[in-house]
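Both of the next two complexes hold subunit A, though its partner changes from subunit B to subunit C.
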Partner chain A sequence: MATNFMAQQRAPRIPGEVGMWAFIISDLSVFSLYFITFLFERSQNREAFQTGSHALHLTMGVINTLVLLTSSLFVALAAQALRGGYGSVAQKYILAAIAGGLTFVINKPIEWIEKVHAGLGPHHDNFFQLYFMMTGLHLLHVVVGMVVLFYLWRLAGRVKSAPSERQLRFLENGANYWHLVDLIWLVLFALFYLVG
Partner chain B sequence: MMESEVANTQSDSHNASLISTWAILVVLTLTSWWFKDHDLRPDAAITLVLIISFVKVFMVGHSFMEIGRSPRLMRAIFATWCALICTALVVLALAL
Partner chain C sequence: MHEKNGIRPQAAVNTYSGAEFSGPGHDCGRRELQRVPAVPSPGSLQSQGAGTSMELRLTPLAHRICLSMGHVLTFIYLVGWLCARFLPIPGADWPAAKLATWLLENKTGYQLGCMLMLIAGGLLAPWGSALAIWTRKTEARFPVIYVSQITSLAASTALFVIIPIFWALAAFRATEIPVDITQMLYDAGWYLFLWVGPPFYIWVATLGLGIVLNPPEHQLFPRWIGFYCLASVLCWSMGLMQVFFRSGPTSYSGMLPTWIPLVEFFVWMEILTFYGFRAIRLQEAQCRAEVGEGLGVYAPHWDDPLVDSITDTPRSRN
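For the complex of A and B:
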């Protein structure tokens, strides 16, 4: 019986719903085009992109990356706890993930305001136009993700034993959305802060 | 072993694997920061930074998004997307 149980746990399965994966693929496709656009524009004016990248706060970029990675870890741990029926443990992990998201949501506008005050707003050049547009679109994803995390936190509060199939699907969809936000940032960080 | 014990053991080992993945992601992030701060040849630094980023993207998908536990086709599609976009970006960054 235990062997069957283990085999069932190890059997390949699609986490969450196919519809959610369709959204993830389309979102990644759109961002992939933005990544390509960034490097194409960079090829037209390397000097402006290098100067722009050097003007960004690299340490802040690293901190934001570490914050989102840690937040993603907490969501993954919450998913595991919830599957085991430990709703209150999952709630704590989700709260920690929300704190990470909140840190990012506060840090990003601070960086933007600093740049605008230094005269490096979206109208400065192509680098900053793409910087504000792409990081702005990403921040919108983070804000939506935090609303999703709030609903996951509420869901976790209702789970006292093994979650239902529907709860599990909602959890996996929400968790994967948050990981998508993390994944997109990893490339944005590399392009804007490191490649530049 | 009882089913609940089996499930707990599996959950513990999965949590340990998630934490290990996170630790590697942190190290890779700090490594790419190091590349930026040290004057490597620009082409080499850009190539390494982009490859490291997509290794991180792959790890987030494989481990956190549980693509590693999904059917073979889904794993293949994700790995191919990572490889294709990474190659396209490296080529664009170096060739244009």
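For the complex of A and C:
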């Protein structure tokens, strides 16, 4: 009995399932190619990229970063609560995470519209072309993530005691996806707002 | 063995390489009633209305031929791409006269390349079918994802072969007709190349969902393949963005809509082909475990008797 417990403790375990990690690795690989494209284009026209970077609203970028990081924290707290069987507590945390995602979804178009009105639309130069396309694809990830969070919220409502293995797997898969969205944004923020 | 509604479940679940699975043609939609770790006898299968025993065996040769079209498609398409000299791709920002001259100068190789891409496009259907068939059984009698997959695959194949037709048309009378018409036909080819995405997305997403949403113990693909399919769809979706740009990394000659999805598509195709062959091997192991007339693995042999066309029975050898 004790041996089984020790074996379980030692057994390597990844949160979620291997398939979700395949998704994450695949998505990150594709985004890495986008980042390389960005750096290549930047090396071709460093001046335009620096001008473009300075034209972006750094405060807005920082706010968006903090919002997503906080949202990720809430998802992690929700996972912890759900593992303990506190479904209603997890639901509150997930709602807070959804609020964070919603803030990002509202903030981003405001930032885009401001840039377009300032004459810095996607056709302005390659910096803004990449800025709109890459942050746009990321926004699509955020929207998908919010749908996932909604399903996590529903799942949390059903958990009254310890979650089943299947529920736990779904929860961890969803949380992993939301952290992926966060991670991609961190690199985008660094590239466009700081390095550019 | 338990019975429900007078129907005896017949899923033959076997253990192979540590994973449980059952053959796609063996459960005939009754798998959901009960999972039975047993090998059915031919008699029991026929008494349950599963059809003749001929319908229950696997013909791996046909599967392998269809699946190998993935390798053939990749090879022919990429050779066609090189023959057409899409390396680099003449961009949307090229003046029409420059494009027409370029087409004229590379006419033969370009048209040969288009022809090869056209041939490769037709191979998408057998290859996609060889994958789709493995997700068919997991949905049992109501295969809505499978039907979506097959219809989207058919649409994708039809669209895939149209793309090089426009590219070839652009070169057909290059410099003999107004150059802006040549450019428009060339642009139309690229629009099709990047904008026929949605049926492809649905096809691959449903393939992925067919693996992820359905019972894993009956899948012949690892679950991560399903997730990988979904991630690939996200990667290819960038192709739609080319409509907004005529130059730069997001135009149709750029990295984001064309090069990255193109490379990812063929890598995905090769990985799926590899795991498709593995699925056939797993199914072969399953079928070999079954015994009885008409069951198991069927491979045509030179020594097989000819079949009488009138009685539909093997002719006796005199």
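Annotations for the structure displayed:
Keep this in mind: the second predicted complex is superposed on the first by the 185 of 196 C-alpha atoms of A that agree within 3 Å, B and C clash if a C-alpha of one lies under 4 Å from a C-alpha of the other, contacts with A are read in each partner's own complex, and residues count from 1 in each chain.
Simple rule for what comes next: contacts are C-beta pairs under 8 Å (C-beta built on N, C-alpha and C of every residue); 3 or more make two chains touch, one makes a residue touch a chain.
As the structure is a computational prediction, the values presented were derived from the model and not from experiment.
Superposition of the two complexes onto subunit A shows subunit B and subunit C fitting side by side, with no clash. In the superposed model, A:A190 makes contact with subunit B only, not with subunit C.
Contacts of A:L140 after superposition on the shared chain: subunit C is touched, whereas subunit B is not. Once the two complexes are overlaid on the shared chain, A:V18 sits against subunit C while remaining clear of subunit B. In the superposed pair of complexes, A:A55 makes contact with neither subunit B nor subunit C. Residue contacts after overlaying the shared chain place A:D27 against subunit C, while subunit B stays out of touching range.
Within the superposed three-chain arrangement, the count of touched residues of subunit A is higher for B, of the candidates subunit B and subunit C. Taking every C-alpha atom of subunit B against every C-alpha atom of subunit C, the smallest gap after superposition is 15 Å.
Shared interface residues of subunit A (contacting subunit B in one complex, subunit C in the other): 21. Of all residues in subunit A, those touching subunit C in their complex are 17-23, 26-27, 30, 33-34, 37, 41, 122-123, 126, 129-130, 133, 136-137, 140-141. Touching subunit A in their complex are the following residues of subunit B: 1-3, 6-8, 10-11, 14-15, 18-19, 21-22, 25-26, 29-30, 32-33, 35-36, 46, 49-50, 52-54, 56-57, 60-61, 63-67, 69-72, 74, 81, 85, 88-89, 92-93, 96.
Across the interface of their complex, subunit A is touched by residues 212, 222-228, 230-232, 234-235, 237-238, 241, 244-245, 248-250, 255-256, 260, 264 of subunit C.
The residues of subunit A lying in touch with subunit B in their complex are 1-2, 5-6, 9-10, 12-15, 21, 28, 32, 35-36, 39-40, 42-43, 58, 62, 65-66, 69-70, 72-73, 75-77, 80, 83-84, 172, 175-176, 179-180, 182-183, 186-187, 189-191, 193-195.
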